[in-house]
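Just passing along the structure, written as structure tokens.
Note that the chains are named A, B, C and D in the order they appear, and that numbering of residues resets to 1 at the start of each chain.
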Amino acid sequence: MSADMSNTALAEDTRLSSAQMAWRAAQDIKDGAYVNLGIGFPEMVARYQPPGRQAIFHTENGILNFGEAPKPGQEDWDLINAGKKAVTLKPGAAFFHHADSFAMVRGGHLDVAILGALQVSENGDLANWRVGSKGVPAVGGAMDLVHGAKQVFVITDHATKNGEPKLVETCTFPLTGVACITRIYTSHAVIDIANGRFVLREKLPGMSVEELQAMTGAKLHIEGSVTDLIVPAL
Amino acid sequence: MDKRSVSAAEAVSAIDEGAVVMIGGFGGSGAPIELIHALIDKRPRNLTVINNNAGNGRIGIAAMIDAGMVAKMICSFPKSSDPRAFTERYLAGEIELELVPQGTLAERIRAGGAGIPAFYTPTAYGTELAEGKPVAEFDGRHYVQERWLKADFAIIKAEIGDTHGNLTYSKAARNFNPLMCMAATKTIVQVSKVVEAGGIDPEHVVTPGIFVDHVVEIPSPQQEEEMIRAGLQYEGGVYA
Amino acid sequence: MSADMSNTALAEDTRLSSAQMAWRAAQDIKDGAYVNLGIGFPEMVARYQPPGRQAIFHTENGILNFGEAPKPGQEDWDLINAGKKAVTLKPGAAFFHHADSFAMVRGGHLDVAILGALQVSENGDLANWRVGSKGVPAVGGAMDLVHGAKQVFVITDHATKNGEPKLVETCTFPLTGVACITRIYTSHAVIDIANGRFVLREKLPGMSVEELQAMTGAKLHIEGSVTDLIVPAL
Amino acid sequence: MDKRSVSAAEAVSAIDEGAVVMIGGFGGSGAPIELIHALIDKRPRNLTVINNNAGNGRIGIAAMIDAGMVAKMICSFPKSSDPRAFTERYLAGEIELELVPQGTLAERIRAGGAGIPAFYTPTAYGTELAEGKPVAEFDGRHYVQERWLKADFAIIKAEIGDTHGNLTYSKAARNFNPLMCMAATKTIVQVSKVVEAGGIDPEHVVTPGIFVDHVVEIPSPQQEEEMIRAGLQYEGGVYA
């Protein structure tokens, strides 16, 4: 890849797919970790656990240790996840009611929650539930998860389809939570939030820090080395 | 002691206009479809309905909304694969919405059942869903004060019930059901099977009978998800 | 019995036994009622349910619908009541943890709780957990019960062994709860508490209202008729 | 995932001086005698112990007190058939007591586990046990604000445990145990039997494994009530 590509072209052509972002996030989940994956795109993380590691997945509607979707036609609609998709059970599963489920969340018993984002600010605020004040608002369990899990990560495109930054100084969309995000896996980088700053940890090898900064709505800080963000083809 | 009702219609017969009604279930899982439809047949209006969602398709809670019975929804996620019933009335200003984060909704219902009038949670602090609510700092962290939720009636789906009202559930159909049993003045439960007292191992009871007033056996309950896939629509008394 | 006996003699000679007080209280418990009986003397109420009525008894440590004590030697020490005495189960019993147990109590799900008393005041305050500030204090579940059950009754001797009234204008012992008692079954009378007043409902036929008033530390009000308190020999 | 410890001694090995320790049980029912005695053998001092009671006879928590390990008890009922261990030290001013109504104790522990820093309860309003606590009025009734209780460790007795830490209990030995599992940084459980993951029906799990860190199999646990009747006394390593 030539270094003189425009940022826009780079962002379109050289970026991680959703599966690749999920793969990268999955590498940071330890064996035996208790994990909640947000509805939709973060759910892909479960597929990419490294060999030898087995996280225990939690769903808000009252299951620990659920597994893959059943084959079509074999769905049990009393065995669903928070996205209302049919799932299966793994050995060692448990059922519980919603108050116990959110005791797990709010009480700090989950090791990791991984959510999608509309915007993340440099102090760790997350906006991911509502674009504006129109339409029907719906929040689900996101506001509980961001203040519950020991670590709350985001997986997101680095910028919107229109090129607007999603990593910003201050969120303009309604907040899901204040100062709750500690790590962001984007289509282009891995960024920690520490002391109210974005700290760049990994970036795609084909782009410069300056190119990444140009796509980002707040300053990217460097602490120590920035390593290459390398993921398999998926 | 025998808490059996002979029919869904009899079980819901006391629910009148203006009642606050908790309805169990998370989407279609644990949704008491037969009790809801019996309530549609009776058609009390101006209800406040508490559920995680706000109906899907043209059955269950969505059919209640279609029938003009619901004045207010208290829920966390009023969206679904087919959210037209709620969406149209909400956007037309015909139905009120109190949006509550899911864990706060669960805890407010439990608090109602447990005699806890208010509690503090970190959830929603600093967001528009906490606007107007008292906040407090404990050990250097900010929390929002939330109030209990109670209801006049809860309509619930369980799996096995005994004549004392002890209940078990089927898998993740448990969800809000055990909490709502606790938080209503009268709790009405449909079960797939009623057994005599002693028919449920005391170790396996999920909802003790003290939280239950009426149990009605609906041997093969309908499943919301399958009904929606089949395109069913309930209009009171009949499926269109 | 002659009407010229002194009050003291009357109190000693003509009074209900503990069993008889328990019998009288049991007559007011409806079939199917959920009931918590305080440790000790109130536990006797369970024995005297009228034929055809079956209350469901709750114990704080997590059982609904327990029954009599097992035969000696057949105790299961994981099956005990709040007084740590071995009990048995009836059909339709359930086990639950302490938070659910006190959700039943605090959440108003019990129909009746029946407790002992050191003192009850005319506004319904109860003192039953501590005599003074010496020794080891112990409260158990009494403070929860008095603010939880739909109706909270007391069974107590009408006066102490020294003749001091237990029904008083204001409790002098530390309070268990404020304005929580609605009915008192004593060794001599049945008294309701309504609008901050003791209202006499029943009294032993052999004594006058004046004699009862002389044993009582606050004014006994009469509303309608006072009926005879008649119980079987037990 | 395998949460098994090889022995009670290993399971409690991280509990050090000054720790706050929740100990399950209601009297002898659900009391983790073997874990307590393993802790006595290790003998960390200056502990804060949370339990409904404060020991009975000369075993279990009473033996911890006898061994001078307990600086403070948080409990509802520090009396028993033989309360000498606690009573003597309390009256001598050698042990601190925080007396908490039983339901408030249970709810404070649940709140600790559920991330609720404070809640309101009617219990103890107007009594000396509410002195110094904030009060508030909701819907015309007065309530006391109570704070959560958390611990560094919980030592728990259950019946069956699997390698993931899912637990069932025996009858009323459940009591405070499931709540304390939730409220401690590290939860250590003795069970009569350990099974592989999948060995407990997911419908019958009372404590999900997420609340449990270590499980140790004690196949025939001692029962406090029977030990007291037998006049046993534990002095660390041996029964006197």
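The rule we apply is simple: contacts are C-beta pairs under 8 Å (C-beta built on N, C-alpha and C of every residue); 3 or more make two chains touch, one makes a residue touch a chain.
A quick note: this is a predicted structure, and the numbers were derived from the prediction, not measured.
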Computing the C-alpha centre of each chain, which chain sits at the greatest distance from subunit A? C
More contacting C-beta pairs: A-B or A-D? A-B
Whole-Å separation of chain centres (CA-atom averages), subunit B against subunit D: 35
From the mean C-alpha coordinate of subunit A to that of subunit B, what's the distance rounded to whole Å? 31
Need the CA-centroid distance for the pair subunit A / subunit C, whole Å please. 58
Going by the touch rule set out above, which residues of subunit C reach two or more other chains? 63, 95-96, 99, 102, 105-106, 147-148
Which subunit B residues sit where two or more other chains touch them? 107, 110, 114-116, 121-122, 169, 171, 202-203
What chain pairs are in touch here? A-B, A-D, B-C, B-D, C-D
List the residues on subunit D that touch subunit A in their complex, please. 1, 110, 112-116, 162-164, 166, 182, 196-198, 202-203, 205, 208-211
Which bits of subunit D are touching subunit B when the two form their complex? 107, 111, 114-122, 136, 138-139, 141, 143, 147, 168-169, 171, 202-204
For subunit A, which residues are in contact with subunit B within the complex? 59-63, 75-80, 84, 95-99, 101-102, 105-106, 125, 135-144, 147-148, 174-178
Along subunit D, where are the residues that touch subunit C in the complex? 26-30, 52, 76-81, 83, 86-87, 90-91, 97, 99-107, 109-110, 121-129, 169-179, 206, 223-226
Please give the residue numbers of subunit A that touch subunit D in the complex, ascending. 31-32, 34, 54, 56, 58, 63-65, 89-96, 99-100, 102-110, 147-148
